[in-house]
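In the two complexes that follow, chain A is the common piece, with chain B as its partner first and chain C second.
== the complex of A and B ==
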């Protein structure tokens, strides 16, 4: 069994029209499908049907997260091992999520739902799949971005969920932060060669801290920060800045429902044998100092206190 | 019909600021125009950073407010980035505002 990729996140939004405008014109994604209550988006340089779904709702936050597996038989296996672990599961039929084949949805101890599937429709690059031109056009005035990179979610006991993902689903844990008593207060997990696909930190169960988009170069993070400011998009007080952890140049901002987004560039990669990358650890002082925000060497309390 | 009400915000230290707030705008916007940046983060009704407590008066939400946040607070809580007054209001704010205008340096800088 192998979980191979973070494929998409599905978000709740309180105003579908405003959210559509945001993910198109501020983030720079292309719309790939629309239903009465949903809009699907993909970046210019990803081939699958979508990387973000927004769902009209009475709330903000995360609906579920989609991961692709390497073989159709993995779906049954994930259902079995998750149920053996005591987690709730439910079957997802093909097409229930547009562009996605059958899968199994599991509820993590953290309260988040993950959908594991094998098939995703291929819609191709924005520039096509035959002799594509190498420079992508702007999407609604914003540079195209590379891909959905990761998300940070919150829960009461990060260690419990990280342990399940590592020991049962073979996710690689790249970095953790520990309290003085040794308990894990935050952890970064990946299924690829990036530093993280899904990270967990303390907070309410089922909470969403942010979803992050990878942009092509560090200078584009600066250009995008300029655009965010000129368009009056709410941003974090810190940022443009750099994270000590991962080393990315980063800016945080909010969609019109209050879901936090991030543009980032420069994360280190973890090539090598999957699941054999040695763990990096942090203590609280470093996490809340240069590990968190490298330039400011402090973390604005609101950064961890506010989640959707 | 648009009406206007007097909204007063009291900080923990007892200091108060007031503004006339129209029912066509949010309390946060009205104070922002007066030069007061209230404690907030997403300013979009999703994160909960701007939560405060109603001492007296009525309000309603002018814009969508995430049920995730409404379900987690007790009666009398108000999220200032989305709320508009329905009467004169007295509000207790757990976090102090920042004065943006009228001084050489902002309050944020003065604390350093």
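== the complex of A and C ==
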């Protein structure tokens, strides 16, 4: 069948307690499991076991990324086609990652590890699954989050990894940004009909630029930005703005370890399968201008340089 | 490659007819009041799309003295899907008509059939593309000037139809066409299915491409279009009211059924339309679990803000 959903990201953090407080009270996730060295979180309106794992470490950054497949046999196939492509793979046993069934972890040319699995425990939405409660009114000072929407990671050669995902794992490439010589400096890929699940931009291999959470209303992005500023959570240079690329209203901020987070709102929908619709492309000037931040039409180089 | 997003991958269009001989009133409503863009037309047919859509059309309205929902179009991945689905549909005892390229303007080779107790569907793998109205090179994703001051929705979101046997209709959609249920309503006593929201796409807004409500077989309940968020919809309600559009009595409301924020209104012929935002991210996966409502909670589910005043008329089909 197919890869159907970006299910979770697993992050390294340097202080587990501070990070737990951040993802619970600043981002607004619910804690779904705790081990000695890990905390698992899920958003109010996603039904699987978790969308974020934080792992105690001496560094920040991305540990691995979890994608769900729609048929158990996909796991074996992904292992096979990835090995044929020359990528390292390793088996993941059921329960090794809490709430997740058996899977296969592959190392992308970009240096990132993806875990593909069929089963994730269903814990339900925060409001319940049967005659659900109307609103989630016990959250810690922020509104409910819809879901983990996407992440942007960095690597030396985005084109190489994008090609693998598109041609071998049937990811859809929706948009790219190109240098004057035509080489791809950033690319957006999705497994569904959203604009991107995982995007790649130039930078160090294995780097994390940000993970993004979808919120329902632009008014909520404003409210969240107010709270970020009043709680002295570090935000990016423009605070609330709009990406010209994807047309979403957005704010970036950092967890206490330096992993960048994003709240975003925008309905952009893509026609779903690889090579179906002509690519949307951006040149460097647009990427560093209106494509980056639409209102300001300017992007500081440090926006792309700061990764974890 | 068996690792492939196969089967239905996109709600492509809704097609219906209105009693409007030259489609003049239709054109004024859908272009000037709703803010869709005309892509192609003949004397008796009008093709429209939203400003964020790359395909030839997503709404097709024809002139007829006996107006009705004609069909809903879904795009599948490739020609193999069409062959595979044809076999599955026939094995369920449903008659299929195969049609040549171009029978519907802009649509390639297709198969047409009627879902048991439900609407006619057309499946195809090729649809003409016009490209994004904003262009494909460093586009400004901003509502085109010509349709500002209207709702100017971004996408066709879902089509709701009625069925005189919701269980049979939903069984066909899930078992034969591989749809998934995001939410459903059952009776309190016997647990009989009365309504369901179904999806094949994985998208941020709406949580459904086709939804089933109880009523006569294959009638149109409403057509919904996607908006970024609730603030937009409040403003859109002002544009619509200012243009004399009939907004349904609930006004802007939270629909807990699907968890959307929605506004329902009628075109000049009484067809119910919806602007929606919100809704949970869908996941086309066999283990995806639907939300279940019982009928006694249906008014709260359908209109959280106006559950005491909810128009019983809302439950009826509109075309």
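Operating definition for what follows: the second predicted complex is superposed on the first by the 299 of 308 C-alpha atoms of A that agree within 3 Å, B and C clash if a C-alpha of one lies under 4 Å from a C-alpha of the other, contacts with A are read in each partner's own complex, and residues count from 1 in each chain.
The criterion applied here is as follows: a contact is a pair of C-beta atoms (placed from the backbone, for glycine too) under 8 Å apart; a residue touches a chain by one contact, two chains touch by 3 or more.
Not measured: the values here are computed from a predicted model.
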{"item": "Partners on chain A (chain B, chain C) - clash or fit", "value": "fit"}
{"item": "Which of chain B and chain C A:302 touches, first, second, both or neither", "value": "first"}
{"item": "Contacts of A:234 with chain B and chain C, given as first, second, both or neither", "value": "first"}
{"item": "Vertex chain A; arms to chain B and chain C (CA centroids, nearest 10 degrees)", "value": "140"}
{"item": "Touched chain A residues, chain B compared with chain C", "value": "C"}
{"item": "Which of chain B and chain C A:260 touches, first, second, both or neither", "value": "first"}
{"item": "Touched partner set for A:219, first chain B, second chain C, both or neither", "value": "second"}
{"item": "Touched partner set for A:14, first chain B, second chain C, both or neither", "value": "first"}
{"item": "Partner chain in contact with A:119 - chain B first, chain C second, else both or neither", "value": "second"}
{"item": "Contacts of A:60 with chain B and chain C, given as first, second, both or neither", "value": "first"}
{"item": "After superposition on chain A, the shortest CA separation from chain B to chain C (Å)", "value": "26"}
{"item": "Common ground on chain A, meaning residues reached by chain C in one complex and by chain B in the other", "value": "none"}
{"item": "Parts of chain A lying in touch with chain B, wherever the complex brings them together", "value": "12, 14-15, 57-61, 204, 234, 236, 254-260, 302, 305-308"}
{"item": "Chain A residues touching chain C - in the complex, by the definition given at the top", "value": "1-5, 45-47, 68-70, 74, 77-78, 81, 118-120, 122, 124-125, 129-132, 134, 146-147, 149, 168-170, 172, 191-194, 214, 216-219, 244, 246-247, 265-269, 271-274, 277-283, 286, 290-291"}
{"item": "Residues of chain C touching chain A in the complex", "value": "1-6, 9-10, 52, 54-55, 75, 77, 129, 131-132, 136-142, 154-155, 201-205, 226-231, 254, 256, 259, 261, 277-278, 280-294, 297, 300, 304"}
{"item": "In the complex with chain A, residue positions of chain B that touch it", "value": "40-49, 63-68, 72"}
